[in-house]
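Could you have a look at this structure, given as structure tokens, before my questions?
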Amino acid sequence: MPEEVLATFQVKRVSVLNENGSADLALMPELSADQIWRMYQLMVLSRCFDERAVSLQREGRLGTYPPIRGQEAAQVGSASALKAEDWVFPSFREMGAHLTLGYPIPQLLQYWAGDERAQKTPPQLNIFPFCVAVGSQIPHAVGAALAARYRRDSAAVAVYFGDGATSKGDFHEAMNMAGVYQLPIVFICQNNQWAISVPLKGQTASASLAQKALAYGFEGVQVDGNDVLAVYRATNQALEKARSGGGPTFLECLTYRMADHTTADDAGRYRSDEEVALWNGRDPILRLERFLAASGAWTPEQGRGVKEEATALIDRGVREMEAVPPPAPAELFDGALETLTPRQAGQRKGR
Amino acid sequence: MAQLNMVQAINQALADEMARDDRVVLLGEDVGRDGGVFRVTEGLQDRFGAERVLDTPLCESAIMGAAIGMAAYGLRPVPEIQFMGFTYSAFEQLFAHAARLRSRSRGRYSCPLVVRTPYGGGIKAPELHEESTEAIFCHIPGLKVVVPSGPYSAKGLLLAALRDPDPVLFLEPTRLYRMLKEEVPEVDYQLELGKARVARKGSAVTVVAWGSMLERVLKSVDGYDAEVIDLLTLNPLDLETLLSSVRKTGRAVIVHEAIKTCGLGAEIAATLAEEAMLHLRAPILRVTAPDVPVPLAKLIDQYLPGPDRIRAALDEVLKY
Amino acid sequence: MAQLNMVQAINQALADEMARDDRVVLLGEDVGRDGGVFRVTEGLQDRFGAERVLDTPLCESAIMGAAIGMAAYGLRPVPEIQFMGFTYSAFEQLFAHAARLRSRSRGRYSCPLVVRTPYGGGIKAPELHEESTEAIFCHIPGLKVVVPSGPYSAKGLLLAALRDPDPVLFLEPTRLYRMLKEEVPEVDYQLELGKARVARKGSAVTVVAWGSMLERVLKSVDGYDAEVIDLLTLNPLDLETLLSSVRKTGRAVIVHEAIKTCGLGAEIAATLAEEAMLHLRAPILRVTAPDVPVPLAKLIDQYLPGPDRIRAALDEVLKY
Amino acid sequence: MPEEVLATFQVKRVSVLNENGSADLALMPELSADQIWRMYQLMVLSRCFDERAVSLQREGRLGTYPPIRGQEAAQVGSASALKAEDWVFPSFREMGAHLTLGYPIPQLLQYWAGDERAQKTPPQLNIFPFCVAVGSQIPHAVGAALAARYRRDSAAVAVYFGDGATSKGDFHEAMNMAGVYQLPIVFICQNNQWAISVPLKGQTASASLAQKALAYGFEGVQVDGNDVLAVYRATNQALEKARSGGGPTFLECLTYRMADHTTADDAGRYRSDEEVALWNGRDPILRLERFLAASGAWTPEQGRGVKEEATALIDRGVREMEAVPPPAPAELFDGALETLTPRQAGQRKGR
């Protein structure tokens, strides 16, 4: 290459726990044992929620549901770094983040039962509605970050999306805008390596997703997304940077979608059992258990206890969800506009 | 003749045309290996290879845009948009390019592509999976809009669309995909674009419907002397069939699952009010969804026009 | 009172509201330093600072999307799309998000933003600079669509739009920007959204128009006993004003610069055919552009409805 | 940075002629003296075309027109590397590329006079219509490249766009798709540093546009866009790579928009005279003249000769353009569809 070099770039990768659960102490985030235990509980809760949701769907008690199995570390680790004042923009596969932030379990289930009333986020949380149009929530997050900065608020913004979303125009336009205005935002990409049947290689020729941030003039970091401590560490750093005026960060949490895309999908049609088995062995909950066990902080019995507690919470959530009366037809018009148009008002009367 | 459902009929039309014409190339999210989320393209990648059935990245605008370039180059691409609700991000490509390429280049380039997309409500799916915004696309000059109402019309219309020299939006009523089976000839046949079908003869009132509403209308008109028109092509409208029916019956009811305001029912009613006014004995009624976003599963049945509302409209116009 | 053109009237409304309410933030391509390609936002960045008048990168979807996030956060953003033809790439954001946010979140979030965009033909500009696809946007439940017809209505409607709790698409007829001056009060005044205006009294025929067609209609009806309605808000329609006029005149002609098929004229005619049928003495006619893409300068005058066509339609309905 | 390095990247920059017109001989592309002289003639022709178009617009004989002044090297240099069989997707500011490829001058002018009949590209060329919706032509080029590959044709595809276009979603989606399929395409970005009134810094926080290609897994190169030899070299290399199955390349031609955005714009409102003066000194035609003069291949007199020839061609083009009869109203319907709809046919009759 006789031509001159214009610039060189580096993209880094963060992991704290290796696959056996032993930690790189230099990189351990500042977390108390209680905090780590709480993360563990939330990961188990997320797993229980997910398993229950899948079986409720099978019984016809929920609609189509997108499992999060395998992504618990990415979701719980990142959401644990958020504060209540922060604004969060989910896609549709972040139930672990919702649970971590305290979104009511019955309400979460109610959404997947096909009831939009469940999207009325409780007032103490700033979580946007689930967003099904892939990637289209990312510009909203940028707008919220602009507004937060305009208001001189200390809130930061986190937006969640998948590897598939990085192919969408909205991802690009939003990332670019965040770079131009140096906004207080963290882009959290859960690279679960599949977008329905399309593997990462079919999604982009980029060797990592993290390096995509180079196109926007800010930092992109690849994080071991099955390592809850690494995810927490990276998110926390990025949020601190955001709050202190350091601008946006892109986090690629490399993880794996252990289940089907949704309950309507059959992943066996397009990926190998070997691949799935490999990643089953990298289960993020297992890894954290190994870490905790090494210091005597976890025993199988304690593990069962945590699971039982989680199951009880989910049981109650299901009961409460199913006790909610179905919406009346007139509720079609709820929130259509602050004041209905004359035509809408007429249509409402007819119901 | 085989009894096929709509998924099978569409699959057969695609396969036959791909075998006949190597310019036909499918592209879209999950259309290849997975055979499409509704299995409409099942087996086609195995049969025709990955170059003819392209799994794309997740990018509707570029799927549409690339199809335009392919069409201009001389192929006959068939982009699939996974659900109609995701055509919105490809809207500029469809509107400003696919539909205008022939006109912008004064015929130097043309854009023979068929955009396939599942359409309409009633499947209890997540948000944006049950859209029926066909009227928006009928406001795009240069684009044809087609909606089959069953397996037979699906195959015949799709074959015609695939051979049309201009872009066609082919809307597949998701609710019907596996609901009904019909005799579908294995041979090649086309249903001419721009022609409606009289699905039921009658003389007291004309009911116009398309897609999955047709089935509902046919079920609802029992006991009425109603003529039912199955539009099949939404743009261009078959004015002849519409007008001659309404001139005979003097009454018109239009049923669609889209919201009322600026729905395609408006165009049909306006055309009747322009060209058949003196034959009309009663107000032209539209039975539609209310002017609100498509709801999730719990309210979808209250949203879509049901038999009660259809019959109430019939009773109303028959008072005149 | 000052004589202002529409550019000045809009600029004044924006400036006044920005002074009154610090939640109002403008964003768009070239709206800051340059004051907008039509100078509508001239001087506002100097006066209010670069944080309130944001020059954005060239990305319509993110401009719209960011405005949605800002609105949900509590601001009152005013995104400008440089020409209506470039709203198409922001269509998903407008349709699936801005208009649905209140409904999707059952009121937890709302989306009070005003999308401003130059609209309509007759300025001899490049492709996509003279679009009038308002009907598409009127098919979006949750979105209001407003079109002023002169400086006075521009200021009054814009102030009302800026205070509306829900998203408003504010279409600025480019041809009128500097064509006419009117007395525009310096004080704060609002024209209620959803209310049409009887621009001229008459009793033999009702002519409905909006935006830059209004001026053309008013010039064309000389010598006719025509009542002219200036819609001002396209969605929701002021049915009361429309119906009471047509019930009186028994005849209706709708004039718009959009193409005919599925234009807003269809909704108006359909509503009349539904609710005023028994009062109608003549077919409802639509005077529109033909069903082809907006042409470049050399053919734009042949494309837009002109006085001849308007008068021919009046003569036609008056035969009945 | 205690975390591990995932990857490092380099972006290179190509220039052949320095500002004084002396060449780095190691990088000289293989071009005969005649070929270089032809490029010089085309650059002068482009300049003449541009000046005439601006003055015709002032006289009301053309509509709004976007000058290319300053971008002649980027356009002529890149288009000179193209073959007739290649497919070219312009934005709206590539008249220098059109002239290089042999687009008829009267027809080029006719377009800017507001007559779409001028977009009927002559059959021997594969140039797409001008595209005003910024960035929206880029996916078309990707589609053509897909089709060319499918057909096993040796044609490559070139797509032109500006710095502003890199912010659009369509740029991103198309670049990403080209990477995934490794298509025979060259993305030619004329970074003229302005998008109407928005300077590059307001467009993206990325230090170069070339580095944006890293997000898509293929090569991005920055080229001195005022150096016709460098542009030729880089384009030629990229096209050869494309034709031989090497996949896409992104070229950032760093240049400058010396004139207003269009004849409707006043750049004095938003940029400094100093900046414009600086870049006037870097005029690409001047640079090539210096290079040629150094070897005795150019004299002021020859320069005048070239200009006179160009002027004569443009004069004739203007005359021919103005002799074209205006379109009849029925031509509104030309190309609306292969067969008009009944409604269109009725509307046509009424004209």
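By letter and in written order, the chains are A, B, C and D; residue numbering begins at 1 in each of them.
Here, contacts are C-beta pairs under 8 Å (C-beta built on N, C-alpha and C of every residue); 3 or more make two chains touch, one makes a residue touch a chain.
From a predicted model like this one, the values you see are computed outputs, not experimental measurements.
Taking each chain's centre as the mean of its C-alpha atoms, which one ends up farthest from the centre of subunit C?
It is A whose centre lies farthest from that of subunit C.
Could you work out how far the Cα centre of subunit B sits from that of subunit C, in whole Å?
Their C-alpha centroids are separated by 30 Å.
In whole angstrom, how far does the Cα centroid of subunit B sit from the Cα centroid of subunit D?
40
If you average the CA atoms of subunit C and of subunit D, how many Å lie between those two points?
Once rounded, the distance between the two centres reads 36 Å.
Of all the residues in subunit D, which ones touch at least 2 other chains?
116, 133, 136, 167-170, 173, 176-177, 180, 202-204, 336, 341, 343-344
Do you know which subunit C residues sit against two or more other chains?
56-57, 59, 61-62, 85, 88-89, 92, 96, 103-104, 127-128, 141-142, 235-237, 261, 291-293, in rising order.
Can the chain contact pattern be summarised as a line, a ring, a star, a complete graph, or none of these (other)?
Here the contact pattern is complete, since every chain touches every other one.
Quick check on the complex: what are the subunit B residues that touch subunit A?
Within the complex, subunit B touches subunit A at residues 29-30, 32-35, 37, 55-62, 85-86, 88-89, 124-129, 260-261, 290-293, 295-300, 302-303.
Mind pulling up the subunit B residues that touch subunit C in the complex?
Going by the criterion above, the answer is residues 61, 85, 88-89, 91-92, 95-96, 99-100, 103-104, 127-128, 133, 135-136, 138-139, 141-142, 235-237, 258-259, 261-275, 277-278, 280, 282-286, 291-293.
So in the complex, the part of subunit C that touches subunit A is made up of which residues?
Those in contact with subunit A are residues 25, 51, 54, 56-57, 59, 61-62, 64-75, 77, 89, 92-93, 96-97, 101-110, 141-142, 165-166, 194, 235-237, 239-240.
Which residues of subunit A touch subunit C in the complex?
Listed in rising order, the residues are 87, 89, 116-117, 119-121, 123, 128-129, 133, 136, 138-148, 150-151, 169-170, 173-174, 176-177, 180-181, 334-339, 341-344.
What residues on subunit D touch subunit A, complex-wise?
1-14, 26-27, 167-173, 176-177, 179-180, 182, 201-208, 210-212, 214-218, 221-222
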